[in-house]
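Before I ask anything, let me first share the structure, which is written out below as structure tokens.
Note that the chains take the letters A, B, C and D in the order they are written out, and that residue 1 is the start of every chain.
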Amino acid sequence: MTEGVKTIYIVTIKCPNRPGIVAGISHGLAELGANITEAQQFDETESRQFFMRVVFEIQDGTTDRSVLEQEFMRLAHEFDMSWSLTTTARRPRVLILVSRFDHCLVDLLYRWRIGELAIDPVGIISNHPRDVYKNLDFGSIPFHYLPITPDTKPAQEARILQIMDDSRAELVVLARYMQILSNDMSHRLSGRCINIHHSFLPGFKGARPYHQAFARGVKLIGATAHYVTSDLDEGPIIEQDVERISHADTPDDLVRKGRDIERRVLARAVRYHIERRTIITGHKTIVFTS
Amino acid sequence: MTEGVKTIYIVTIKCPNRPGIVAGISHGLAELGANITEAQQFDETESRQFFMRVVFEIQDGTTDRSVLEQEFMRLAHEFDMSWSLTTTARRPRVLILVSRFDHCLVDLLYRWRIGELAIDPVGIISNHPRDVYKNLDFGSIPFHYLPITPDTKPAQEARILQIMDDSRAELVVLARYMQILSNDMSHRLSGRCINIHHSFLPGFKGARPYHQAFARGVKLIGATAHYVTSDLDEGPIIEQDVERISHADTPDDLVRKGRDIERRVLARAVRYHIERRTIITGHKTIVFTS
Amino acid sequence: MTEGVKTIYIVTIKCPNRPGIVAGISHGLAELGANITEAQQFDETESRQFFMRVVFEIQDGTTDRSVLEQEFMRLAHEFDMSWSLTTTARRPRVLILVSRFDHCLVDLLYRWRIGELAIDPVGIISNHPRDVYKNLDFGSIPFHYLPITPDTKPAQEARILQIMDDSRAELVVLARYMQILSNDMSHRLSGRCINIHHSFLPGFKGARPYHQAFARGVKLIGATAHYVTSDLDEGPIIEQDVERISHADTPDDLVRKGRDIERRVLARAVRYHIERRTIITGHKTIVFTS
Amino acid sequence: MTEGVKTIYIVTIKCPNRPGIVAGISHGLAELGANITEAQQFDETESRQFFMRVVFEIQDGTTDRSVLEQEFMRLAHEFDMSWSLTTTARRPRVLILVSRFDHCLVDLLYRWRIGELAIDPVGIISNHPRDVYKNLDFGSIPFHYLPITPDTKPAQEARILQIMDDSRAELVVLARYMQILSNDMSHRLSGRCINIHHSFLPGFKGARPYHQAFARGVKLIGATAHYVTSDLDEGPIIEQDVERISHADTPDDLVRKGRDIERRVLARAVRYHIERRTIITGHKTIVFTS
């Protein structure tokens, strides 16, 4: 046992609400020598469900992970609870899909390189060739060029799923990937795929949202990061932000301002996801921000 | 002639874009001894229209208003220009319509009382009785109780128009007036009536927008002040703003946060209007903010 | 016992950090039949202190408050813990101090009247006479006119303290009260007095902050709500907000924009305080926002 | 003469305020066949100075630049006016200085590469070796490694000035360059050097502002882009922005959130500068935003 070295765990749980859950979990963790450093909870009134995220640390060499898992299995049985346990040491394997506009891709890779975003990028897929990103250093991240036509779409989507499998990707990030996923593909990615939509949803769904915003004369534009579901642009929202515009802003100005909003909204959403701050409930996302 | 006393004029103009407009106007004003203190312009590319707002001051006793008007008539002829001239000394006569929720009314009256909003309130109309606002001091502003049922709606709308005429109101402010105006009424008020909608349009049109926002799980809520047109919730937007919410906010929390957004958005829109900072162009509003 | 009627309690605690605190508290509450509906915690690394706010409900007729208090005394002994228990039914008694500018006062009273702010206003003190606020309906709230000169300051501060005692006020809100409190007075009010400073602290301490901001040419102005301590403008910050300004804004424009910021920042701070969301730690305030 | 090809000019002017300036300039431009597409003006009350930025287009082959310049010389004589004329075709030559943290550098280069920022980067200077930025493609932009110790500072500053001269750089951007410039150097760069300070000035001047912000317990952090003057952190502010933080944010979290603020604030300031939207007046910057 190495004195002082600790493993940091994150557990998220979901169960029907009733008295005693927090007591049960915190007691169980205390018995195993865990020190809770963060805990956030939410009682959803409509669904009568209880959600919780707990960060705790355990001195290495004291309690094995398998013992922890046994305890959570016991608690799951007691409280009819679903749960998910991870450690901050393990970096989620992430596959990034992109089209011609690479501002979100560049931003995610930068945050990863400087250690801000604790992901393990296992692949970049684009419907444009590598040459489009010639100024970008992808390091050892495999790049896949998968051009898509209406005819090749089913085959290319199958290849994307294959790449996911081969790379054991846990999360797919659509970083301004401008191909509409098929219903089947969306369904398969449900809950493990984050998309950035370049409007403040539910306003301006569909194509060319900045041009729609310009035509409507709104005074703020925004971007929305959401989980992908089979219902396009209707997935559970993770994060949104806006910036002020004026009548003098052209559609090009909106696109320019939009890039800044999109990249920061997507980066936040990815961080929330990998830090296990998000829990999907129905059409919504609980986000336990710090 | 009183030495040093000046009249401050605001003129807004609109004409087809072509070279020489600014030169023509500024030359004409200079010839008449006007000193331009603010000028804002906008060339709308799609419509090829030119819009301008000019604030200028004239020493009292030097140039009469009628001389100014003659000059603008001459310019209007030369540039095929529509124009509107006012002085900051003249306070627009404003009629305020309200329903049970009085936060926007209270806010507008407060801003008027402390001299922030240079309006002349000529009437308050509500579909609820005076007693609902018993804590509010309306001073000498006439209060009109006009309860509305489906049957009485046409008659009551006629009375509202009559009150507008009698009070010579130039602007009607729907300060959370929860009655849907008839098409005919909306049409008559077009361009001289500002409504506050309690959502970030075009999201969540129609009734109970905060409940819609709650159901959709958005991460920001907003409010929109717009000119009333016969197309409900589709009028030219003047001002919008938002605040951050989370999954933990109940519909009641959204209503509470919304009140703060609504009152500041409506107050800004009214100020922009009375300071002649707004010009409607098609479905949009040009807003020359300071 | 009335079926279904519940009392909602809020407890805040503070103790040295160590494993088992959450387990101890939640177990103790579960044993007494309490259902935890909200819980927020914070481990302060520097001070090694643990802070927690728990909202829980208890079926009326099951567990008496005295039993709860015994349990918290037991926990306090076990964990070396200070704690504070209240119910949401009890409205804190609040004394409001104001000077000539009444926008914060008007705002607080409005929020109280419509039930947004669950306070019990027990007095309004001003160094200006009642007539200054002649448009305001204070209802049954006693108004105290305490003009202050350098000579009368000690006596008038003594009267303020007397009014606090007599009215059993738990919180004093300086709602743009423009008299500088003496060190002794500040010291006595420490932790139970909230001030709104009309700048984004620590920028522009002291007098005429909007004029300072204008002179410095900043691009955003703000307001700061903080607990009063004997160190003027250095008290623990509860809430801050800002708005954008430009070179074209005059000092009067800053004052106007500032009013909107001040009133919303102060109202939020008061709400956080009365909902027991704030805990002072050293020079800072922990704020458990929802 | 090529039919339809236009040159777009930007002129900024400054002169004592008096009637007739706008008329004189717009008349002069109209006479020369210029079409004004944007015009912004500001009357500074304290200094009684008038400032204006005019964007106009001239059909190629009609009026030579030398003719334009003669007209502005004539106007300058008439109105005691200083002026500066440029075309949007000419990209300002920019030298970027950076230290270890490269987020602002990466951001500026990205905006330049995609055509958002119309600059011509003529050099990158760092006090760290090229290897620190090994993932970055600098293309053909020369990189200069100028390590600095107290002893070598004067010599290295001389080299920076030499590189400025050799590269004919018009603007120096301190993109988180962590060396304090000497008074002499600051003085020489006055008005043509933009710095990003990682705090919301005037709060938290000097070193380690995020740690200062953490210690003070503020609820928003910010960044400030300003022109460099010999008075450190006191130069005319161009742009500022903020983000919300909480008690739970560690100094590392502040640094992370700060990176996002810094890069967008600096990029806006650089864009305002190169689009001639900024005019320094005393300790302030007029910024004619769109």
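The rule we apply is simple: a contact is a pair of C-beta atoms (placed from the backbone, for glycine too) under 8 Å apart; a residue touches a chain by one contact, two chains touch by 3 or more.
Predicted, not measured: the structure shown is a model, and the values here were computed from it.
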item: Chain hops separating chain D from chain B, counting only touching neighbours; value: 1
item: Pair joined by the larger number of C-beta contacts - B-C, A-C; value: A-C
item: Residue-number overlap at the chain A/chain B interface, same or different (half cut); value: same
item: Identity of the chain that, by mean CA position, is farthest from chain C; value: D
item: Approximate Å spacing (C-alpha centroids) for the pair chain A, chain B; value: 42
item: Whole-Å gap separating chain A and chain C, where each centre is the average of the chain's CA atoms; value: 37
item: Where chain D touches two or more other chains, by residue; value: 246, 248
item: Of all residues in chain B, those that touch chain A in their complex; value: 42, 45, 200-204, 215-220, 222, 236-242, 246-248, 250, 283-287, 289
item: Of chain D, residues touching chain B in the complex; value: 18-20, 22-24, 26-27, 29-30, 33-41, 43
item: Residues of chain A defined as touching chain D within the complex; value: 103, 106, 110, 113-114, 116, 135-137, 139, 246, 248-249, 253, 256, 259-260, 264, 290
